[in-house]
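Here the chain labels run A, B, C, D, E and F in written order, and each chain numbers its own residues starting at 1.
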Amino acid sequence: MNRIPDEELTLIPGGTLLTATPEEGRALALAIARHTVHNIQPDLDILTTGRVKYSDDPAELMAAAQVVSIEFQTIASANNYWR
Amino acid sequence: MNRIPDEELTLIPGGTLLTATPEEGRALALAIARHTVHNIQPDLDILTTGRVKYSDDPAELMAAAQVVSIEFQTIASANNYWR
Amino acid sequence: MNRIPDEELTLIPGGTLLTATPEEGRALALAIARHTVHNIQPDLDILTTGRVKYSDDPAELMAAAQVVSIEFQTIASANNYWR
Amino acid sequence: MNRIPDEELTLIPGGTLLTATPEEGRALALAIARHTVHNIQPDLDILTTGRVKYSDDPAELMAAAQVVSIEFQTIASANNYWR
Amino acid sequence: MNRIPDEELTLIPGGTLLTATPEEGRALALAIARHTVHNIQPDLDILTTGRVKYSDDPAELMAAAQVVSIEFQTIASANNYWR
Amino acid sequence: MNRIPDEELTLIPGGTLLTATPEEGRALALAIARHTVHNIQPDLDILTTGRVKYSDDPAELMAAAQVVSIEFQTIASANNYWR
């Protein structure tokens, strides 16, 4: 198995939900979603093959966007919406 | 690759979740959802092909509407529901 | 293109999340969900064809009901649940 | 068209989210979900045909259960969880 | 019809969302999800056939797990997260 | 039936939603999601076969990631977002 590097397996990259800006909070939401997938499937070859498939398919792109939207709800709330 | 312009890749367009009105908040929800998709798939040709497919398919339209509804929950809460 | 009328494209019909009653709040949730779809696909002919398809299909009816349930969460919270 | 009776089209049966008990709150969640479907598809014949299909299909039963779970979140919160 | 026993049709088994421990709260989430399905489809024979199908299918197992996760959000919040 | 070991059936491993760090909270979200699946389908052979299928399929990986995102919302809120 071509195992994904360890730093791609940290569940919460940076170790905190708190970020300076909404832009950074959104980037964290994307990273957390991606690292969750890496933990469930840590074989880089399978991930790469899968990525080609889903990133061309609008239904799967939307499913990925939905996961990010849920992660972002949590992060935005943690940061008191950067008010 | 026909890469999407950089301004379409900002994760939180405008850099804040705070908006003057519900209408602007909803427009932001749509923009954030769209930019998330752009970040996952930044190739404009693939996006354009995919858009033709999903925008004619009621199941995929509904999936897109669902993502927007989740993003809007976050934005509405950030704005204290514009009460 | 047979473009949907402009009033069907307002994202938040009425411009506010606040309503007098739960019944009106629920109607607003349905309207917001519908107008989101209109903004993603503003061609009335494609919408009409799609509607025939999804409104006969229990899986798609349920997907539409799910979007409405999420929109209603936001509206009910905005109205402090009409307590 | 064999139109569903008017009382099945009220969006919020009873006109309030407040109930005396969790059991009644859950029944309201089921009723609200069902009435939403009735509003999107008010033809009783199509609904009856669709019901036979989805109520035998575990994937569709689960989709219906998911909608009910979201409606119940709203109702439980409205009732301060009947604490 | 081989109707499911009445006690399997109570919508909120025990009549309250409050539990002594997270473990009991999670068990309640599973029970509420199951009883919702029973109410939509009370024929035990159809349920048993359906269960064989979905419990072998990872996509349907995940759909069931998602419903439980939403029910648990409500129950955990009702119990102030057992802090 | 090759039954999964009992410790894999605890619904809330550790018996609490409170964790010292976001990383541990996220690990708990993954464990809770996994144990829910184990409770619905406790046959290890069926689970192993299913895992091979879903962990190669981007749509199913994303469905699993979505369940984890919802569990994490609950856990993050329980821990006051580790602020």
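We adopt the following convention: a residue touches a chain if its C-beta (ideal position, glycine included) is under 8 Å from a C-beta of that chain, and two chains touch if they have at least 3 such contacts.
Not measured: the values here are computed from a predicted model.
**Student:** Please find the path from chain C to chain F through touching chains that uses the fewest steps, and give that number.
**Tutor:** 3
**Student:** Trace the shortest chain of touching neighbours from chain A to chain E and give its length in steps.
**Tutor:** 2
**Student:** Please state whether the interface between chain D and chain E is built from the same residues or different ones, using more than half shared residue numbers as the mark of same.
**Tutor:** Mostly different residues.
**Student:** Hey, what angle do you get rotating chain A onto chain B on C-alpha, to the nearest 5 degrees?
**Tutor:** 60
**Student:** Starting from the mean Cα coordinates of chain B and chain C, work out the distance between those two points in Å.
**Tutor:** Taking the mean C-alpha position of each chain, the two centres sit 17 Å apart.
**Student:** Averaging only over C-alpha atoms, locate the centres of chain C and chain E and give their separation in whole Å.
**Tutor:** Once rounded, the distance between the two centres reads 29 Å.
**Student:** Quick check: what residues of chain E touch more than one other chain, meaning two or more?
**Tutor:** Residues 59, 63-64, 66, 70, 73, 77 of chain E touch two or more partner chains.
**Student:** Tell me the shape of the graph of touching chains, choosing from line, ring, star, complete and other.
**Tutor:** ring
**Student:** How do the chains line up around the ring if the path leaves chain B toward chain C?
**Tutor:** Listed around the ring from chain B, going to chain C first: B, C, D, E, F, A.
**Student:** Give every residue of chain F touching chain E within the complex, in rising order.
**Tutor:** Residues 10-12, 15-18, 32-33, 36-37, 39-41, 46, 50-51, 53-54, 59-60, 63-64, 66-67, 70-71, 73-74, 77-78.
**Student:** Touching residues of chain E toward chain F in the complex: what are they?
**Tutor:** Result: residues 21-23, 25-27, 30, 55-59, 61-66, 68-70, 72-73, 76-77, 81-83 of chain E touch chain F.
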